[in-house]
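Paired with chain B in one complex and with chain C in the other, chain A is shared by the two complexes that follow.
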Partner chain A sequence: MTDLATTPRPRRSSGLLAFLIRRSPLAVLLVGVFLVAAIFGPWLAPHSMTDTNLTVALQPPSATYWLGTDPLGRDVLSRLLGSAQVAAQAFLIVVLIGGIFGTALGLVAGGLGGILDLVVSRLVEVLQGFPTILVAIVIVALFDPSLTNAMIAVGLAAIPDFARVSRSVAIQLRDREFIQAARGLGAGELRILWSEVLPNMVGPLIVIASFDGAQAVLWEASLSFLGMGVQSPAPSFGSMLREAQGYLAIQPSFAIIVGIAVSGVILGLNLLGDAISDYLDRGGK
Partner chain B sequence: MNGREGWGRMNRAEFLRLLGGAAAAAAVAGPFGMAGSALAQAGGDLVVGISSDISTLDPQMSPIDVFRHTIRSTVFEALVFINPDTLQADPLLADSWEISADGLTVTFKLKSGVTWHNGSPFTAADVVYSIKRVQDTATGSPFAPQLVAVSGVEATDDQTVVLTLANTVPGILANLAVIQIVNEASIGSIATAPVGTGPFKFVNWAPGDHIRVEAYAEHRNAPKVGAIEWRIVPDSQARLAGLQDGTLHMVALVEGKDVVQAQAAGIGIIQTKPYILYENFNINTKRAPFDDKRVRQALAHAFDREGYAKTIWFGFARPTINPVPPEMATYLPDSASQYPFDLDKASALLAEAGFTKDNPLTMEILTIQGFDTLKSMALLLQDTLNRIGHKVTVRELEVTVWIDRILTKPDYDITTDNFNTGPEDAASMFNSPNLAPASNVNQWNPPGYADLVAAAASESDEAKRIALYQQLQTLILDEMPQITINHLPLFFLGNEASSALVIGPSGIDDYTKIAL
Partner chain C sequence: MVKYLFGRVLGGVVTLFLVTALAFFATAFAPGNPASVLLGNMATPERIEAITRQLGLDQPLPVRYGIWLRETLLGNLGTSNVSFKPVNDLLLAAAFPTVQLALASLVVAVVIAIPLGLILAQNRNSWWSRPASGLITLGISVPGFWVGLMLIVLFSVTLKILPSGGYTPPSKDLWLNIRSLILPVATLAIYLIPSVVRFVRVTAISVLREDYVDTARAKGTAPAAILLRHVAPNTLVTTITYIGLQLGVLISGAVVVELIFSIPGLGRLGLNAVLNRDYPVVQGVVLLAATGYVAVNLLIDLAYALIDPRVRAR
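Moving on to the complex of A and B:
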């Protein structure tokens, strides 16, 4: 991943989407569906996401309830659309926390070097040492269980990834000619980091963001599965799986449908990350 | 998030694992991961799956259900055992008893030759100590209400205990059946290393994992199994899987969906009478606005008991608003169907109490982890109330935290709960931790209630007694200190051998007849 970073400013080719469709049509399809669900879910949902109706509990897929109903008679499709929105929020929170703090740390450490680099690097290693699940439990125990709190824990765990990548890119760039040129023109170090180094690490950061974001979706599901994420009655992939699991032998379609949805989203995000990585490796051709 | 490679990239194996139905979540939950390693030796050990852990091993301190199926039913004994077939008291630590003509003195002759698990002899002094300990307000025992009428207890010799009652209590033996006799010498360690007289002696408790007891060979009714190990398996699907692959012999206390799935899988079902347990909402009636009975009545109208029984319990539950089951002679006729599900009525009552869409009722419903039906109950009430414009949240708590919020502090609005109906005797129901005038979970004790309970308990004329209990039911149905939802049987799942378990109506079971 580091070699691509040395290619200054990969062309923002308009061929990215075309490349992705060619390289991994499945990824584009899955992520496309996920994005549509996340953005337009509330308008697309055929029923309420939270209204219970015990007269139609645990129904198999039908014309009225396309993906069936859960044990409280809530529409599974509508709740999956809501879950997609929650997952997208998880993605954004984690990538924002990891991206902003991680990149800032890595940039400063790699770009300025010296004692600062040493301190930041050790700090990042310490952060990396925390098991996410434990941090999540502590944060949720101290505050209330909620999506934001759970994702702060996951976001903290994403900081090292961004920090390490941005640091290594910054180290490679800091003595390059165009940086020296900027320095020669009188630009301050921080300004150089901001306007010369940072733009050149966007590619690798996007790749990291797509993988960490996919992990965030999975962590959101895991923590909600354990009751530490989104609270009822708001839907979430994790809490739906948890509900479905108790009815595996009674209404298998419920668990299967939710399982496919979660797997599809994670698969799509990971494939997309791979494809973007390939695209950048090829210099955007 | 493993630290090795950063967690950005998954390798193919990891990815495949994730595909397996979000197995990551299951792996984190790890409900059954270690069953194999700690697996008991076949032939001697009965392995039972339970849904949640307990907070103390002191049998006088917790009425929580998971308790009855573990320590209380095996390590300790009470004076008597209520026989589920006859509903009469059978001797346990007491060999025989005599109730005086005026009904105010009960003399127990104790079994001789009984020893504590530490080898010291069991005597009348232990009984006196145990009863006084439960009565002592400093102990804070939830069983204290069972003994409110007991004004004196003394040992006249090593084998004789005389109990003096302030008033006649027809159900006194049933009340005593839940008071377990503890050992004064080892009382300091009772919460973690209990010493009892029961057929099993305590071995160890690994919080969150298992509780283990071993057969006490010197017991007069020596058990047929060598040991019992209760595994804490919070996940119901994992418990079913455990029964199927043989890592569990029995699963205590399961829900309707597990019974349906067990039936389909050919797993044996052990079931008690249909009214041994009830599910309910406890209400903190001391806290505004729940001190207003109109709010409590509104909540009762806002829950669809019929729909809940049919769908969440698959018809195994019998909806009712009255904790007293129709099977009891004291039952108030036609009361079970009062407070039908009626959101207009609920809205109207809440509006009377000042809560409308513009000034919504804000409340938090607590529920205990590991009890899926109770969580469904909470979600249903939340949804119906939110739909008529109120602001209800649901909070799922780990059982020890829940006990702290409900019983110790108490600091809650409303909680889901389930409760033993108790022996078929209305006296013990109105002296249960849910309804006892002296102290109850609902913090409810209106003027005159205590006198009425005492009068009903001591009335020996059957017709008058029934009239008094019906008056009490009319009172609680109007005041609605707790919202009763249904009556239920207790369900156990297990193999052929475990069907020898004797499930006692008083909340104590007999494990000695089970042979593997």
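Moving on to the complex of A and C:
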């Protein structure tokens, strides 16, 4: 992102998709599979996600159970499809919290400047890098371990990222001609921020959403692994790996398969962020 | 420099204030009246009221926060709801393994990541530069705790050369202590390395574009000498700050690693406290970890000011 301010509004999305397929086919493939699994998972699942059957516990991949079974005899593939849906929920919660609060803070701070900017920048500086796990521990201790509560902590941690980017774009745009023109026409500062500045930072914000979305999936897995997120019997990448840990010596393929699946989702989102960032750097060409 | 340091200390104080507020709320809004929890089955309405007044629980929240803050600053963190041991003792016992794990991992990660990042920057136009960047992205994407599980499969289950968990204090047996920490430290270091390598690479590439590097090159200085004498020092200064920012990642990672390898550290203490709703311990762990985080970041800022003359002059 060399020059955020010259970034034009995103063109037709078909141009972006064509660019992404050329630039990073792996990202498109991984994110595509993730989205299909998250949206259509319940219909695609060959077996039940939660029904246990101890007679087929911990089986290796086979014709009936393509990716094997877990310690309670549940189909791993079906539970991975369910996990994808949970990961997508984690993504949405984190990006919504970080995106709405972070962007609003950064927009107002960068656009209006002055003492407000000073306070917001300091706050962002202070919060950036603060151990997410500590916030998660307090929230989960106060309320219950659940996906939403765990992801609120991660969403709070995403606020500084969105605030930083939107602030820097707002500062770059503040004195550009079209903003001054709007000001000359009598538009209020907040209205200018909303209808002139905000649409021009959609690109960089999508890049941050992609990276923080990858973090959200990673954190969902970590916190559920720790028992602070999704609770069994509901499937999630983290709770499956938690179940797998006790059986590393007996059936390591269970842990290996789940790990590859969650890594694939995170890798796809990270690569997608890189590729979209490239697209914006080249002015959408 | 005074102004710079003043700003940093102020930032640290603000963080700590937010953290104490957070930790306070963890108990103030915890379900269940502490007075009735304390009294257990001896609770009568009169006794609960007496204890409530004695603990200051009938006061408005800001006053309660003040009372709580005074007790905390005096080092009175209360007793565990579960084991009934003083929180101070629990924290003290758990702090050593965590500090040992975190420090060792940080040193290993930095020693590997910084040279790697510099080499990648130096060879940014070679054919293996792109696959190497791909590998870094892969490293950032793979969950650290899964790497830990895979290391257990490889070294404990298959090769049977390292323990899959447990912790021996160094005072008891130094060799066993080191053996018990190899896999946890490797897990945490592998978790940190990719992002540090990426940062060092990007920073070093921008340093390589500076005029003084061109001048050195024009004078005929060997590329390796340029890298060591001009690029490395200027890269390191920024990298120190970045590592300060990674401290939160290190703390979060340590919690997960302690759980996987059953290390009796702060992370496991805090985690068990959360799941048992042992609020005084939750509070103690959060306070201690956050204070450590703020203190180390302040030290890093101080080091930064001492190393970089441009900051010193401010």
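One rule holds for everything that comes next: the second predicted complex is superposed on the first by the 276 of 285 C-alpha atoms of A that agree within 3 Å, B and C clash if a C-alpha of one lies under 4 Å from a C-alpha of the other, contacts with A are read in each partner's own complex, and residues count from 1 in each chain.
Everything below uses one rule, namely that a contact is a pair of C-beta atoms (placed from the backbone, for glycine too) under 8 Å apart; a residue touches a chain by one contact, two chains touch by 3 or more.
Not measured: the values here are computed from a predicted model.
Novice: Clash or fit: how do chain B and chain C relate after the overlay on chain A?
Specialist: Here the two partners, once superposed via chain A, clash with each other.
Novice: Between chain B and chain C, whom does A:222 touch in the aligned arrangement: first, second, both, or neither?
Specialist: both
Novice: Output check: A:231 vs chain B and chain C. Expected answer is one of first, second, both, neither. What do you get?
Specialist: first
Novice: Where does A:142 make contact in the superposed view: on chain B (first), on chain C (second), on both, or on neither?
Specialist: second
Novice: When the two structures are overlaid on chain A, which partner does A:58 contact: first (chain B), second (chain C), both, or neither?
Specialist: First partner only.
Novice: Give one of first, second, both or neither to describe whether A:266 is in contact with chain B, with chain C, with both, or with none.
Specialist: both
Novice: Now for A:164: first (chain B), second (chain C), both, or neither, which partner does it touch?
Specialist: first
Novice: May I ask you to decide whether A:34 touches chain B, chain C, both, or neither, giving the answer as first, second, both or neither?
Specialist: Touch partners of A:34: none, neither chain B nor chain C.
Novice: For A:255, using the defined touch cut-off, is the partner it touches chain B, chain C, both, or neither? Pick first, second, both or neither.
Specialist: both
Novice: When the two structures are overlaid on chain A, which partner does A:131 contact: first (chain B), second (chain C), both, or neither?
Specialist: After superposing on A, A:131 lies in contact with both chain B and chain C.
Novice: Shared contact residues on chain A, chain B side and chain C side combined as an intersection?
Specialist: Shared contact residues on chain A: 128-129, 131-133, 218, 221-222, 225-227, 241, 245, 248-249, 255, 259, 262-263, 266-267, 270.
Novice: If we count contacts the way the header does, which residues on chain A are in touch with chain C in the complex?
Specialist: Per the stated touch rule, the residues are 122-123, 125-126, 128-135, 137-138, 140-142, 145, 214, 218, 221-222, 225-228, 241, 244-245, 248-249, 252, 255-256, 258-259, 262-263, 266-267, 270-271, 274.
Novice: Which residues of chain C touch chain A once you look at their complex with the stated criterion?
Specialist: 11, 14-15, 18-19, 22-23, 25-26, 29-30, 137-138, 140-146, 149-150, 152-153, 157, 164, 244-249, 251-252, 255-256, 259-260, 267, 270-271, 273-275, 277, 279, 282, 285-286, 289-290, 293, 297
Novice: Quick check: in the complex, which residue numbers of chain A touch chain B?
Specialist: Where chain A meets chain B, its residues are 50-52, 54-55, 57-58, 71-73, 128-129, 131-133, 154, 157-158, 160-161, 164, 207-208, 211-212, 215, 218-219, 221-222, 225-227, 231-233, 237-238, 241-242, 245-250, 255, 259, 262-263, 266-267, 270.
Novice: Which bits of chain B are touching chain A when the two form their complex?
Specialist: Against chain A, the touching part of chain B is residues 1, 3, 6-10, 15, 18-19, 21-22, 24-26, 28-29, 235-237, 240, 257-258, 260-261, 264-265, 304, 307-308, 310-312, 369, 372, 375-376, 378-380, 382-384, 386-387, 393-396.
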